[in-house]
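In the part that follows, the structures are each spelled out as structure tokens.
Consider the two complexes below, in which chain A is the common component and chain B and chain C are the respective partners.
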Partner chain A sequence: MNRLMRARLLVVAAILVVLEFACRTGLISSYSLIPPSEMVVAMIEMLRSGELTAEILQTVLAVFISVAAAVVVGILVAIVLHSMPRLRQAIEPVLVTYYSIPIFVFYPLFIVLFGLNDVPKVVIGFMLAVVTMIASTLNGLDRVPRVLRKTGRVLHLSRMETIREVVLPSAALSVFNGVKLAIAHAFVGVLAAEFILSTGGLGYQIAYAFHDFDNRKMYGIMLLLLIIVAVVNAFLMGWERYIRQRRGLS
Partner chain B sequence: MIAQRQTQKSRLDVIVNDRVDAHVKLSGITQVFRSQTGGPAIEALGPLDLTLKTGEFFSVVGPSGCGKSTLLELVAGLTRPTTGEILIDGKVVQGGVPDGVGVVFQEDASFPWLTVWKNIMFGLKRRGVDPTIANERAERALELTGLQAFRDAYPSQLSGGMRQRVCIARTLVMEPRLILLDEPFGALDQQTRLIMGDEVLNLWRATGATVMLITHALDEAAMLSDRVGIMSARPGHFIEIVETGWSKDRDSRIASSEKFGSLTAHLWSKLRDESIQATRQSETKK
Partner chain C sequence: MNMLNILKSPKCRSTFDLLLLGVAFVALWQIFYEIAGSVALASPLAATENALKMLATSDFWMNAAATLKAFCIAVVIEAVAGLAIGIFLGLQRFTGDVFEPMLTGLYSVPKLMFFPMITLFFGIGLASEVAFGVLQGIISIILFTMSAVRNIKPVYMKTGKTMNLSTTQMMLTIALPGALPEIFTGLRIGVSSSLIGVILCEMFGSSRGLGFILMNAMQNNIVLDISSQTLLLIVFAAGLSGVLMAADYKLHRRV
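On to the complex of A and B.
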């Protein structure tokens, strides 16, 4: 395992060194790419000056609200659909084909509906995240062993108690997987919405820097975004590993 | 100490109930499953009558698919019969698990997200039992099932037999007066089954509860029970109820006695034809 980790780190380091070399020697023009070390410096400068603080907060908050809404709505919808097999059968095709619809075509509509503010991008993030949340939770609910529900009945649990105390804990890993996917989808939705048309946020700043030929700023923010996503993911994976290990599934 | 006093109290209950004598009474039970795909309805059970005496150890044997587990689910109140009536302590069972009934299933029903201790405490917490009393009852259940060393383990760290013990402990701790066991040792190896059988006998003696055991193992039924009900092929009903006549302090060593051999042979001679019929049934189904 340790050797594997070292090998992986080595690959990343090698790529960085090659890029650094290619940029410094002029093999890659500074108009297309700046050296990785330069990106780090640019990012730290921007963080120090505080010019990005508001933008970071705006994007992270929009993603957070999208994910929170998607998780709550997704779990509730999945529970309802699971308890109504007919309704579920009727809706299943929508769930299956949902991601073949380019949700972004509705973005102008959302701006008309909600105005040019933070609401449309939260809606886009939510819409991209919620269906994967529903699908993952449904998958988890399908796998809850029947015997556990029966045990709930033997122990005189009410319907709500059974869901809270037995069904959801039993489906926790699938629900968790849904949350991971929902976060990834929400990031894509929010950032892309900021790119297209918005008044702020990290996506907006990247687009602005791009039009401004400000490569230092653009790559600095891109690096920052990658770091944010990597940290969030590392945290989620650590948590998941903890849950799995406890259940002897690792 | 208090835990002991409580068992004494529940034993007193048993003595009082003894006057009623019939703990569980099934009359005219049938169960028909309507096919969802439009095929013919399946008559799973009955008509069937059965009376369980308070404090007895009753086993049900029968060919596979004869409705043994359906019978257990009916008594547990997990399913409703198509016709007929089930009385527990004189009260009709309908649409819910009656108080004082505990069930151990064949499948592993331990909660994998909880430690052994929390699994056992689960039902007590739901019922709002006073924490000190709950702790004592859980301690005693741990002790009776030999799980003390594993209190903080998660079920995934335990063997199949140990997990089944967790389920038994979780049932015992609720102090049921009627314990329903649905092939609880079906997935275990032979030695473990014998040992678990002895332990179930000990628990039965310690709690004074009525036990109904569903099993496909004739030797298990012959060894553990006061009475063994032999079921027919589908639609299942009792073709004979055999009194074993064992003393109350029996254990697995009776398996070497002559009487055990003749009992098992008798059970099999009754079951053989039914099993052949059941095998034909399942083959025509295919």
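On to the complex of A and C.
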């Protein structure tokens, strides 16, 4: 394990050193890429000056709302689909091919429908996140042990009680996995929407800096985004490990 | 033959379901149209008519060919490179363990963020379309191939050894067929993502292709064209994914 971590750190360090070297010596022109050290400096400068605070909040808030809506709607839809096998069978092709369709092409439509504000990007984030949430929840519902459902019936639990006491706890790991994926997808959706056309947010700032040939700002924000995504991922993975351990799964 | 029995057969059922989905899609579209009106989107009928008209123009096919070219090159590159890297990482256990978390991390990062970087490196046009397509798809191919190679049952390998197979024979008769279904799942996901990547790249950094004409229509706000092009793109993407899905299903059933 320790050897593994050392090797990983070594690889990351090696990549950074090579990039730094290539940029400093001019092997990669500064029009294409700035040295990693400069990205860090640019990022810290922007964070210190506070010019990004509003943008970060805007993006994170949009992602949060999309994920929250996707989780609620996704779980409800999955429960309904699970209780109607025939409908589920009919709708399965949609769930399977959904992610091969470029959802972003609907973005202009949403701008016309909802106006040029924060609603269209939340809708895009929601649309990308909700289907993986449905699929994961369905997966979890399929794995609820039969014996637990039967026990519930023996104890005369009502429908809602069964869902709350039996189904959701057994499906929790799959649902959690769905939330993890939903967050990743919502990030993609919101950032892409901001990038395409919007009035603010980190994606908008990247696009703005890109059109301005302001590489320091652009790479600074990209680094910041990478760090945000990495932190969120690490947090979720840690939480998942905690849940698994508590259930004695690994 | 009883009519009812034919109707109840699984094949007929799934065809019926697909038809129903199509009807539901059109109905939903019509409802949206009634709510939003023709400023936002065209009615299903008008969009389909316009789409058919578009299909008759040479201009459309020129752009479709450009998109297809970038897409095909991207698929070939990512398939070859992805399989090679995936098999290597699958066979070298330690190296695989070192790189796996980095790859899964990259997998969940929105690749669109790297779009400006790709444009700065590859310029505007075919090269960056291909690069962006590859970037979108290759990671899932690597990850799936790697896990497929790792998951080949040891008993197959042992059987091969007792039969004194050479390394090439082992690769061709055991490793590849054994890992193929899962590898294909990775390829399917990668190919679909690449198509999205190429179209996205055309939308922001290209001067031709289906993504470009869509963006053009958006900027000029020609609602009818936007609706028809969106329809064509969706039909194409869903069709491609359906074909790949069917092949995937068959492969998984075979083993």
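Criterion: the second predicted complex is superposed on the first by the 250 of 250 C-alpha atoms of A that agree within 3 Å, B and C clash if a C-alpha of one lies under 4 Å from a C-alpha of the other, contacts with A are read in each partner's own complex, and residues count from 1 in each chain.
One rule holds for everything that comes next: a contact is a pair of C-beta atoms (placed from the backbone, for glycine too) under 8 Å apart; a residue touches a chain by one contact, two chains touch by 3 or more.
Since the structure is predicted, the reported quantities are computational estimates derived from the model, not experimental observations.
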With both structures lined up on chain A, is it a clash or a fit for chain B and chain C? fit
Between chain C and chain B, which one touches more residues of chain A when both complexes sit on the common chain A? C
Quick one: classify A:L113 as touching chain B (first), chain C (second), both or neither. second
Counting only touches as set out at the top, which of chain B and chain C does A:I228 meet: first, second, both, neither? neither
First (chain B), second (chain C), both or neither: which does A:P169 touch? first
For A:A7, select first, second, both or neither according to whether it touches chain B, chain C, the two together, or no partner. second
After superposition on the shared chain, which partner residues are touched by A:L47: those of chain B (first), chain C (second), both, or neither? neither
So in the superposed three-chain picture, is A:V73 touching just chain B, just chain C, both, or none of them (first/second/both/neither)? neither
Which of the two partners, first being chain B and second being chain C, lies in contact with A:L148: first, second, both, or neither? first
With the two complexes overlaid on chain A, what is the closest approach of chain B to chain C, counting only CA atoms, in Å? 10
Residues on chain A lying within both footprints (that of chain B and that of chain C): none
What residues of chain A sit close enough to touch chain B in their complex? 145, 147-148, 150-151, 153-157, 161, 165-166, 169-170, 172, 246-249
Show me the residue ranges of chain C that touch chain A in the complex, using the header's touch definition. 17-18, 20-21, 36, 39-41, 94, 97-99, 101-102, 105, 108-117, 119-121, 189, 192-193, 195-196, 199-200, 203-204, 214, 218, 223, 226, 229-230, 233-234, 237-238, 240-242, 245
Listed in rising order, the residues of chain B that touch chain A in the complex are 76, 78, 96-97, 101-103, 105, 107-109, 111-113, 122-123, 126-127, 154-157, 171, 174
Once bound in the complex, which stretches of chain A touch chain C? 4, 7-8, 11-12, 31-33, 89-91, 93-94, 96-97, 99-102, 104-106, 108-109, 112-113, 184, 187-188, 191-192, 195-196, 203, 206-207, 210, 215, 218, 222, 225-226, 229-230, 233
